[in-house]
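For reference, the structure discussed in these notes is given below.
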C-alpha cells in the first residue's frame, strides 16, 4: 500500500520544482565507480549526469554521454554512493545545556541549522529528526528545504506522542531550584505540543482526536512512545490506543514509528501496525530478542532503526563503565543487532545523534558515566562509527550501504525521491576516496558531497559555529 | 466455571474439620432480625442455630427450634448480619515506620496479628490482604486459620506481581542515607519474592514460569500490576503477558486480580480475563470511566473492589488539600463509584487499610497532605466509612451489605463457605444494635461478633497492642 | 584620625576637575526651602548657586545673588535636600537569575548600570555597593564616575572578605545538576577574588598579605565577614585576624566595615576597630542588642548601617510568614533599631537593595517565603520605605534625613565632598514637592534630581531596561 | 593551681573506699619489668603489691616483700605498665546506626557498656568520653564506677557546648524522610541538653548561666566547641564567651577542653585558658601549625589530645582516597604531630573511637570514603595504632607510654589517683608479653589487665555483644 504523503512533504516536492537554487549548467561525474544503493553491483568507470536537482542519467562511460557545457567532476579512483542518511537524529541536542537554552531563547532554529550543517558536511544529505522542539525544527527544516539555508534535508516528528518534555521525569527530572517554573514550563511546552503524558490517561477516541490535531502541525511523520523513556520497561499505551495512533498517522499520509525499549513494548507496537520500530535492538538490560519476535519483523516487513556501536566502544564500556547506566542496555543491543542482521531484518542506520558543546559534553559524561571511544551519539561522528559497527556485526558491505541510504528512504516512504543513484532521483551523491565496500571505515573518506545537484562547500560548514564553536579542529 | 481451590484454602477447609476450638454446646441467637446477605428480605424474630463452627439452621422463631442445652443469645431489637469483610487490605501497614521495622525485625507477623485483631474487633471476620510481606503474612494467617491465634480470617496475595518492594521507586524511592543497603534489600525482598519489576522485561513464557513458581509459595490468590504504582498511567504488562499470568493463576486454582490505576490498564486487564478489578474506580486525575468500560464489567461479571470515601472526607480534601497528591484521584473515584452503582456492577468494599502508629500517622499526613475526616485507610475505621460512602453515592441498603459480605466471598470463590447467614455456612455473625438498612452508619453499632461459631471477646483485642499502643481510647 | 583616601577615590576626585561634562552656565535654584543635611534648621526662600559640578553658594534670597546668565529653577513651595544615599546596596542583584547570568555573560556591567540608573532616578546620587562581582562593578563605576555613563555615583567593596561566591554554601548551595562546574566556578570566582573562605584557615599575617593584595584591586573600601552569611551565628575570624584586616584597610586609606549577624560577631568587630558595622541591627532570631553593646557603639563613634522596614511590612511578615526564614531576624532588627535610635547611635540608611526581574522575584518569593508589602530590598523602592521605617521607630525628622545623606558620607570619609548642601560640595541636590520633615513619606515626592551639577533626565532612566524591562509601569 | 574536683569525681573517690568489690587477699606481681609511667627507667625483676584497689608497694624484688597469703602473678619476661587510657573517645558510636538507635531505644547505656568492656579488654582501664548522650553515659559510668558493671573507668563531658545534636547540620544533616520528627528531636535532645547551638546567639553572661546549669548535670568535665564541627573553619564563640565558659568550668572544679579544628580556633581557645586542646593537630586541609602557636602550648603547659594515625594508614589514604573527605585534614594532622613531638608539647593519646556494627561500618565507609588499613577510630583497635603512629613520628618510647597513661591522668587532674604505677595509686596495671619500649607494636601483646586491683576476665568481654556481635573472631 502506498500511503499518501504528508502536507509538508508535498510542499517539499513543490519546492523541488520551483525553488531557484539549482545550477544552470548540467553536472557530470565521470570515471568513478558507482555503487547506486539499490544493491546492484558496483559499476566501474561510470558516468552520472545531473540536471538541475535530479539525476538525469547513470551508466557506463560508453553509454551515458556527458552533455555539452556540463561541469565535469573527475572521480577517477573514487566511489560514488547515494547521500548518507540517518533514520533517527535529535538535531537539537542541548536539552541539558542551560547556557544555550538561555542565550538562544527564541532562536533555537539556529542551533538546529548548525547541526544540520554538520550532518551535511559529513555526508548526510537527509536526516530524520525523531524527537525535538517542533517549532524551531519546522523553521529550520523549512529554511533548508526551501533553499534558504544550507543543511541536511530534514524530516521531523516533533514530540514522541505520550512523552512529556525534556525537563520532566521522562528525561531530566530535576533542573535545580534556580530555573524558574516559567522557564521550565516554556521548555517543556516546546516539546509536548498537546501530545504529552496526559494522553496516557485517555481512551482511544480521545487520543485519536489529540493526535489528529497534532498531525496538522506541519510535522512529517508520527512517532509515539510504545514504552516509557526513563521508565524503560513500562508500556505507555494499550493496544487499542496504539492502533488508534497508527491509524491516525496513516490516514494523514504519514509513516508511524514507535519508541520501544523493552521486548513487550516492541511486540505490542508490531501488532499495532507500525512502519518503523525505533531502536528495536533495545530490549532491556538482560533480555535478548527472541526468534519469534525477529520472525514477526521479517514477516511484516517492518524496518528497524538500530543503534550499533563499535566493538571498541563496547569493550571500553565493559572495561570503564561496567556499572554505567547504559552499559547493560548496549550489551544486549550489541547482541540483538547481530541476530537481526543474521535474520535479514531491514535495518536502518540510526544514532540518536545531536551536538553538544565541549563543556556540556564533559559535564554529562561525568553525570552519566560514558566513555570517549568511537562516540555513538555525536552528530557528524556517530554515523561513521555505526556503519563500522554494523559491518563488525556481520552485515554484508552492500547491506551496510543500504542501511544508511535506500533502506531509510524506503522505510520513510521517500524511496521514489532519493536514496539511490538512479535517473529521476534527487541528485544526493557522496564521492568517497576509498571503497566503502572494502571497509566501512572508508565512509569517512569523503571527497565531495552533492545535495540535490548542488556541491556542498564542506569547509565552510557549519556557517556559524555556536554549539560546536570550541570543538577541537581536526 | 468453578475454579479449583488453592492448596492453602484446602488446608483451611481441613482445619475446619479437625481444629478443636469450636464450643461443645450449640449456640442459638434468638429474637433478632436476620439480614442474611443473600439479598432476601430481613426476617424479624428469627433464630440462628450454630453447631460447631457452622450454622445449623436459620429461620423464623416458629420453624427453627433452639436445641436442648444450647447457649442462647437474646437479640431482641437487634440485627444479625454476616461477618463483614474487606476485599482489599494491607495488614502490614508499616512500610514507612522505621521504628517498627527495626524493632520488630523477624517478628512482623506480630504486627499483622495485631491488625487482624483490630479488624475482627470491628466486625470483620474475613479480610483479603492484597499486598504485603509474604512470609510474615503466611505465618500470621496460618496461626489464625489454625486456631492458634485470634484474628480476622486472612487470605493473602503477597506481592503484586510486577511491583518492586516498598523501598523502591514503586513506593518510597528514598529512605535516606542512614538506612543501610543491606536492610533496604532485606525489606524489599520480603515483598518481591521473585515476581518484582524484573518480570516486565520478560516475554510471556518466562513470566509464566516465574509466576507458576510463585503460586506454590503458600499464597491464596494472585494479584498482578496491570499498571504501575507510583507511575499510575503506565501499563506494566503486554496483553499476552497478562493473559499468561491470569492463566497460571486459574490453573493453580486461584482467583486473579489486577491493580489498575488508569482507564486503559483496566481495559487491558478486563480483556486478560481477570476475576477482580482492584480499585477499578481509580481511572486517573481527570478521566471518568466511560460507559463502554462499565458495560464490559457488567457483561463479563467482573467484580470491582472500590475505595469509597464519605462525602465529608471528599469535601475536606477539596477544601484543605485541593492540590494534595491524592485529591484529584479521589475526585474521579468518587464520581466513578456513583456510575458503577447505577450500572449495577458487582462492587466489593475495599479500603487499602492498614494500621499506623500515631507518630507515623502524623508524620505521613504532613508528608503527603491528607485530611483527618472520616479516615478511609485506617484499619478498623475505614470499612465503616466506606459503607457510608457507598450509601451516600446511591447504593441500595441491601447492596451495601452485600458489598461487604456475600459479594466479596463470591468474587474470591469462597461463597460456599461463608458470606451469608445460611445453614451449612461458617457461622460468621455480627449482631448490631441498630438497623444497618436504615443507615449505613449503624454498622458501627456492633454488639457481638461471632467468628466460625465462636464469640469474640472484643474488649480484649488487640491482645498485644504494639502499633496501636498509643491510639486514643474510645 | 583622618585616614588617607583610596586610589580609586583619588581618581574620582581627579575626574571632578578634568571630566568635561559640567554645564557651561551656572545654575540657580531659587524660592525653595533648603534643608542642607547638616542638621541646621530649614532655610525658607533660599538660593543655591551651582557652578560646574559644585555648589558655589547657598543662602537666603537676599544674601546670595543669582549670577548673570544663570539657568534658574524656580523651587517655590518645594524643598531642597542633599542627594540621597544608600550605605549598603548590591547593584548586581541577579545571583539567582540564571537567564540573566547566561544571557549577559561578560556584560554584567550593563545590568549594574541599569541598577545605578534606577537608583539615580529615585533620588540616590551615591550608593555604596558592599558585595558584588568586582570586575563588572569596577567597570560600571568607572564609566559613571568618569562621566561616560549616567547613574548613581558608586563606591564598591567587591567581595566580603571571608565569603565564598554566590553559588556556595554561603549563599545558594545547590544550583542544580545542569549548571556545569565550569560555569559555577566562573561565577564564584567573580566574587571571591582571592579573599574567600580559604582565608578562615589562615593566621593573621597570611590573611593580611591576601587582603593587602586585594586592596590594590581597584576597590573603594573593605568589608569583611565578622560572621558567616548562611551560618549566621558563626564567627568567621579570630580577633587578631580581624585586627589585621582592619589595619590593612586603614593603611590602604580605606574605611573598613564588617558583616555581622550575631551579637558576639558585632562585639568582636567593634573591638577590632571597624568604621562601619553593617546591619548591626541583625543580632539573631531572638537576641536583642544589650545596652552595653549600644554604649560601645556610641563611645567609639562607630556608624551602624541598619535595615529598617516599615511597620506595615513587619505586620505582614508576622501575619503571612510567621515561620518565614527571615521573619524572626527582622523582628529583633525592628526592636534593635528603636533602641539604637533612642541611644543616639549614628545610623546609616541601608537596604541590601538590588533589582530582580519579575519572574525571578516571584520565583524567589515562593522559595523563601516573603511578603509583598513595602518592599525593603528592591532598589528604587527600598530606601523610601526604610526612611519611613526610621521615622516610625521614633527617629527625629532631621536625623532621618542625615541617615540617608551626611551620616553616610561622613562614615565613608566622603563628607568633605558631598552629603550636605554647602558651598564647595558637589552639587547633589534633590528637589521635593513636599516637606520631608513633615513626613518621611514625602521623600517620594521627587521633582528634580541634580547630580554633580547636572539635572537628571529621570524619565529616560533606565536607558536600557533589561532586568526591569517588565516591571509594571508606575 | 589545683582546681577542686567535680561532684561526680568525689563520688567516684567515695566509692573507692566503700565499694565492696576489691579482693580480700593481697595480690603480688613478681619477676617482671616495671615501667611505671613516671618516666623513670624500667625496673627489672620488680615487685608490685596490690592491696584492695590500690598499689601498696612497688620496688625491686629485694626491697619489696610479697605479703603473706598474697596471690602471686609470675611476670617473668613480661612488662608491667599503667593501665592504658584514651583522652578522647565516643563510646556511643552509633549515631548513624538506625537499627541500634531504634532497637535499643531507652537502653543506650547497654551499648555504652559494651564499648567500655571492649576498651577494658584491650588494656584501657580509663577512658574520657568527650561527646555523647549524657544520660545513658552517666548511667553506664555510674554502674561501672560503682562496681555494678565491668568496663573501663569512664569520665564524661556529655555534649560539646555549642554543638547541636547528631542529626543536625553539625553532624548528619539529613536522616531521610522516614525518620519522624519526634524521633529526630528525641535523639538530638539526648546530646544537646540545653547547651546546643542556641548558645552562639548569646552574650557571655547568658552563656555562663546556661553552662553553670549544665555543669550540675552529673558530668565530669567540660568541653566546648571553639570551632564548628561540620563547618570546621568557623569559630563558635567570641573570646569573652569562651572565657566565661572556661571560668564556669573551673569554678565547678572541672577541667575544660575545647574542640578546635582550625588554627585560629585553637589560638583563641588557648587564650581563653583551656586545659586541654582536643585534636589540636587538626588545623585544616592545608594549614600547618606555626611555631608561634606551638610555643604558646608549651609555655602555658596546655595538653594536646592528638589523633595520630600510622604511616600505613596515611599512605593508604593518599593512594585510595586522595580526594576523600578527611584525607587532607589527616595529612596536616600527620605533619603537625611530628612538629608537636619535636617541640615537646604534652600530648595525650586520643582516638575519637567508638564501635560500629559491620553493616554500619561498611555503609559509612562507602558514604565517607575511608580505608581499611590500621583503623584509627575503632574502639579496641585505634589506640594500638595511635601508639604506633606516635612512635613512627619520632616520639621517644617512654613519652609514647606517658601519652597514653600519666599525661592523660595529669591533664584531667586525676594524676593523684591513677596513671602511674606508684604506691598509693589505684592498681590499674597492664602486663605485656613484649617490651613496649622496644616497639610500640608490643602494646598489643597484652597478657593481663588489672583494674583497681581486680584481674579482668578479658575472654569474657564484652559480656553481651550487641554492636560487636558479628565482628570477626580474632
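All chains are identified by letter, namely A, B, C and D, in their written order; residue positions are counted from 1 within each chain.
The rule is simple: a residue touches a chain if its C-beta (ideal position, glycine included) is under 8 Å from a C-beta of that chain, and two chains touch if they have at least 3 such contacts.
These numbers come from a predicted model, not from an experiment.
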Quick one: which chains contact chain A and chain C both?
none
Report the chain whose CA-based centre is farthest from the CA-based centre of chain B.
C
Centroid of chain B to centroid of chain D, CA atoms only: how many Å?
57
CA centroids of chain B and chain C: separation to the nearest Å works out as 68
In angstrom, rounded to a whole number, how far apart do the mean CA points of chain A and chain B lie?
52
Two or more partner chains touched - positions in chain D:
none
Considering every pair of chains, which are in touch?
A-B, A-C, B-D, C-D
Interface with chain B, chain A side, in the complex: residues 197, 200-203, 228, 231, 233-241, 262-265, 267-268, 283-287, 290
Give the list of chain A residues in touch with chain C in this complex.
96-99, 102-103, 105, 172, 174-183, 359-360, 363, 367
